[in-house]
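Labels for the chains are A, B, C, D and E, by order of writing; each one numbers its residues from 1.
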Amino acid sequence: MKQSPSTDETRFQQHLKKLQKEKRSIMIWQLIIFASFFSLWEMSSRLRWIDPLLFSSPTKISDLLLAKATDGSIFMHIRVTLLETVAGFLLGTVLGILLAATLWWFPKLSKIIDPYLVILNAMPKVALGPIIIVALGPGYFSIIAMGAIISVIITTIVVYSAFQGVDRNYVKVLRSFGANRFQIFKEAILPASFPTIISTFKVNVGLSWVGVIVGEFLVSQKGLGYLIIYGFQVFDFTLVLASLMIIAIFAAIMYQLVERLERKLIRG
Amino acid sequence: MTFLSLNHITHQYFSKQGFTKAIEDVSLSIEEGQFVSFLGPSGCGKTTLLSIIAGLLTPTEGTVTIQQQPRSQTNIGYMLQQDYLFPWKTIQENVLLGPHIQGNITEMKKEKAIQILEEIGLESVVKSYPSQLSGGMRQRAALARTLMTDPKLLLLDEPFSALDYQTKLKLENLVSQMLKQYRKTSLLVTHDIGEAIAMSDTVYVLKARPGRIAKTFQVPGHLRTLTPFETRQHADFNDLFQTIWKELDQLETESIN
Amino acid sequence: SQSPTTIKVAEVTRSIFYAPQYVALEKGFFEDEGLDVELTTTWGGDKTMTTLLSDGADIALVGSETSIYVYARGASDPVINVAQLTQTDGTFLVAREEQPEFKWEDLNGSTFLGQRKGGMPQMVGEYVLKEQGIDPKEDLTLIQNVDFANIPNAFASGTGDYVQLFEPTASIFEREGKGHIVASFGEESGHVPYTVFMTKNSFLEENPEEMEKFTRAIYKAQQWVQDHSAGEIADVIQPYFEDTELDLIETVVDRYKSQGSYAEDPVLDKEEWSNLKPIMEEAGELPADVDHKTLVNTKIAEDVMK
Amino acid sequence: MKQSPSTDETRFQQHLKKLQKEKRSIMIWQLIIFASFFSLWEMSSRLRWIDPLLFSSPTKISDLLLAKATDGSIFMHIRVTLLETVAGFLLGTVLGILLAATLWWFPKLSKIIDPYLVILNAMPKVALGPIIIVALGPGYFSIIAMGAIISVIITTIVVYSAFQGVDRNYVKVLRSFGANRFQIFKEAILPASFPTIISTFKVNVGLSWVGVIVGEFLVSQKGLGYLIIYGFQVFDFTLVLASLMIIAIFAAIMYQLVERLERKLIRG
Amino acid sequence: MTFLSLNHITHQYFSKQGFTKAIEDVSLSIEEGQFVSFLGPSGCGKTTLLSIIAGLLTPTEGTVTIQQQPRSQTNIGYMLQQDYLFPWKTIQENVLLGPHIQGNITEMKKEKAIQILEEIGLESVVKSYPSQLSGGMRQRAALARTLMTDPKLLLLDEPFSALDYQTKLKLENLVSQMLKQYRKTSLLVTHDIGEAIAMSDTVYVLKARPGRIAKTFQVPGHLRTLTPFETRQHADFNDLFQTIWKELDQLETESIN
């Protein structure tokens, strides 16, 4: 009557096989979607079901990308935008956390500026572009600032409320050992809010892309946002769509990186 | 000699709408080396009382003195209602938290930590994180953390409530033995009548709304020398249990009406 | 009579530069022709042309270079220039310092805040510089990275010695002492097909009458503008510029009018068209050599003038 | 020895007084910040420490607003933008929830389109503006679509993961009573995810503002975004700043309304 | 007559890395009207076993039959390890959840719900939400919900573990009395030896990794007629308690080594 270990193992192998089969089926479907999307696009464009001028076509886009990869210019644009995005992201996140720490340290200050924070937060930051140009001049600084400003307030608010949400009992433990305010922050508040801080990263990386692209729309000579604007200006939708695709891919990669970081840090 | 004395402690919690009177006019004194328990329904102010004794809360009225001096914080060890180990620190780091905060981590302290962890059977998980431990192990680690700063007075807030029955009985034995060994003065808060009888010299039964001392029971001397597990099996245990049970039951009925 | 036909028009921006259009709307010249014109502003040449191509509008008012771009990228239904509205560039050279004795050579060694790459203002700007013997790449520092709407505030916050500006900003700057108009790109460039009403070939073929009515109304407005003073024009178009003071509108109209920016008639002739091509070629943005007859319909304009 | 009730009451009154004093002090500080910000602005502008052309001044802005309020035109612009924002918000939120429900219903589908969702989510939606014009034409539809598109994917992702995060044991309870899939969704999944859904409202209302303002930058005749871009066109920074202020105030009001709704619904 | 029988039930949980064998080759049969308890260390597969009996999980091997028939879902009442009252429904709505799902809410059902709620002392909170209730009240409401569909077989997964001691003792009495009154066949999972003895006719002790039946204890007939509270006070209670305690202790030591 006793089940031999080999049957346990066999059942497990069967289970693994089922999993693998399912995974393969999912990948096949993903490929089907991918292939049919692009071939439908190509076909519609060739058969003029859609206006090839406005919607270009996958072959045109890949030709363009190939040409731009051969002369290396696309990498320059990608590099510029990536650097700006990372800089904007870091700046926004770090500033936001510092601001949140300041608010935590001075609870009265936080009560005083609360309504102003609400207004600043609700403000659609993309409308501030021109003011940033006035303040920082037309150049990289403005673009990076745009990438940062879009995330700093929301980071402040989220991280500050994480600080406030830390279980009072951790603080009690520390105070029972005679800890001072700085020690409480360092030993309990900050590490306990770590998961929230990491999860704002995920939001901020997306926001920084928005900020940087909008910034590049306003001032730039290089970068993927510039390519989009320039493409529109000379009515080259192939260039526009190619840039959009590159943006989508890199934004997705960056997002995945941050997500992987999150999983790693929060688990460990 | 009186070690700890509470003089007419009253505490109110304020909110915008009104106030809750958590405890009212509680006075008592505890001798050095004594083990005292507080029994009472939920919300009768047990945690509030411990927080006041620990100096984490200033009572709206009354004073606390320890050895005739106003209370100084660092010679009190306070073990909260749950373990509150810091999940981002290893067990060793958690246990060394007190010395770390007080800025005096020495080799000696580290050795002492290892020694305490060995005594309570946690030597194998020194480098583990709290999430890798079972509930009982976590409670033991929290106890070790509390003992590290060598407090003269120990405050234990339902240290065993989150445990299953067997683990709880074992840990009661361990704690009782350790406290006797280190000659600590201890205050235990619990919901469990059996636990209170099994561990303490004196049992204070509190009533709620507002929290007051309703009755005091002395545990007979011959029970005190037994381990908690043995006490629970002792014939006299049941009598005391019944008495306290009825007292509590009556308090509850009163408070409902 | 019949109920009016609705015509959707997308204009590239809201500007006093397009005064005759607003005159036609305000004076009811379209209604006289039995047309009900719905005007939308689609900020920027790209969006305007996109709107036209995706049938969001029947007629677009936009720089004629876009029709060349569209054609060169292989449009199946090319966009045809029908009625010219402005015939010179509309930008001015504004200097930070007052320069009564301005000569174009003064630009040498300066920092020049130009319009963004790929658009007509930038191309005309560079063309004029070259005509004046200035190499925009060598002889001065050319800033070309700022979006159209943000050029004035970039200059106002201290970027550049010279700037290429549209009205009314140039006049505002002069009035506020922020800058001084020292030259007009419109005067230097000569006649070019600058801003033109255009439509898709298919629309033209299907609605020749509407197009003719539309052009006739524009022609009437153009004549009206020629025959009236800047002040009178300003009065008429003011509802389209609610937030701008009347005297500023008048100043700007006067400036454009006196330098002949408003086309006298809707005909986009061969000569103007051939002026456009070297400008685009110089800028490196001429994707293909396109004949006048391919993208311009002068017949309608000539018909309505009879 | 017994404390008389009157002393309890007295202590409570003292506590209330302290609270009130603190509240008053906070309000005074808020007023000081408010007043000094605007008077500093006014002064700098008058003394030409800052360029009044670029930074305008509070009096100029209030004059303008007063004039526009008198002739009623500002209310028209506000109404247009508000309607667009609310429409974009509702559309984005409802679509997002429906998509999430679809994914929950077809778990395999959700696995298949997962990578596409990541890419769509990471994509900075503001770059899609012109493509939307192609699809929907110049007009309110495009603007509302912009306000919706910016929030729909993130709503889908967040709500779907809330659906997945619902404690399996609620489902177990229902299944033990023999519930079908639809009943499980209706009785457990949806109500248990309600707090998350409400909290996406807060994010979405902000995003919709961004989308609508960007949309109005692209095509518009009316609305606060139109006023900004028109203000630039005629270099009227007073108009630009006045519009920005109105946007900030209304966005903040809308955000507060949603937050109040959240508190009410989640408590109740 | 055999009511429920488990035949060589084995269950494995699979993951990508490997599998956990939760229970192995468990066979048993329960008579109609019997009250059976499962005692065992954490992770020995108690919840898994109940889920299988409830039909929420298909075992990798073995079959479950009820009254010689393959199991049909709706005549089983399953009370989960925590109360899992739906926080967005009132107590009444929660209790009526079963009929609601089964689409047969009648006036009769509603009256029955009120009646059950009265019996367990919840008539005053019928319109309240679960968050307004204490832990014990919630457990009672969950029990009422389980009883509403009139199941022939009741599965109770540690129904009293989240309660404090006094509440627990009271609820044990109530449940035991109700089940006797309604003549239910019942399966109780618990960590608490005393509870198992006090409530059941048969106690199965399980061992872990993988879960198997280690030993079966019959509760003496004269204890079965007492209420759980009285049983705990009975002299014979302690003997059985000690026996089972030792058995469990040994199992635990075994599983550690």
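The rule we apply is simple: a residue touches a chain if its C-beta (ideal position, glycine included) is under 8 Å from a C-beta of that chain, and two chains touch if they have at least 3 such contacts.
Since we're looking at a predicted model, the values are computed, not measured.
Novice: Determine the set of chains touching chain D that also touch chain E.
Specialist: A, B
Novice: Touching both chain B and chain E: give me those chains, sorted by label.
Specialist: A, D
Novice: When I count C-beta pairs in contact, which pair ends up with more: A-E or C-D?
Specialist: C-D
Novice: So the centre of each chain is just the mean of its C-alpha atoms; given that, what is the distance between chain B and chain C in Å?
Specialist: 84
Novice: Let me have the rounded angstrom distance from the C-alpha centre of chain A over to the C-alpha centre of chain C, please.
Specialist: Each chain reduced to its C-alpha mean, chain A and chain C end up 40 Å apart.
Novice: Based only on mean CA positions, could you tell me how far chain B sits from chain D in angstrom?
Specialist: 48
Novice: At least two other chains touched by the same residue of chain C: list those residues.
Specialist: 46-47, 50, 53-54, 149-150, 153, 156-157 - these are the residues of chain C that touch more than one other chain.
Novice: Among the residues of chain A, pick out those that touch two or more other chains and give their numbers.
Specialist: Where chain A meets two or more other chains at a single residue, that happens at 54, 130, 134, 232.
Novice: Can you name every chain pair that touches?
Specialist: A-B, A-C, A-D, A-E, B-D, B-E, C-D, D-E
Novice: Write out the stretch or stretches of chain A touching chain D in their complex.
Specialist: 26, 29-30, 33, 54-55, 108, 111-113, 115-116, 118-128, 130, 134, 206, 209-210, 213-214, 225, 228, 232, 240, 244, 247-249, 251-252, 254-256
Novice: Going by the contact rule set out above, which residues of chain B touch chain D in the complex?
Specialist: Within the complex, chain B contacts chain D at residues 8, 10, 12, 14, 16, 18-19, 21, 24-25, 60-61.
Novice: Taking the touch rule as given, give the residues of chain C at its contact with chain A in the complex, in rising order.
Specialist: Contacts found on chain C: 44-47, 49-50, 53-54, 66, 69-70, 73-76, 116-119, 143-147, 149-150, 153-154, 156-159, 285, 287.
Novice: Applying the document's contact rule, which stretches of chain A touch chain E when the two form their complex?
Specialist: These residues of chain A touch chain E: 1-3, 8, 11-12, 15-16, 19.
Novice: Provide the residue numbers of chain D that touch chain E in the complex, in ascending order.
Specialist: The touching residues are 167, 169-170, 172-179, 183, 187-188, 191-192, 194.
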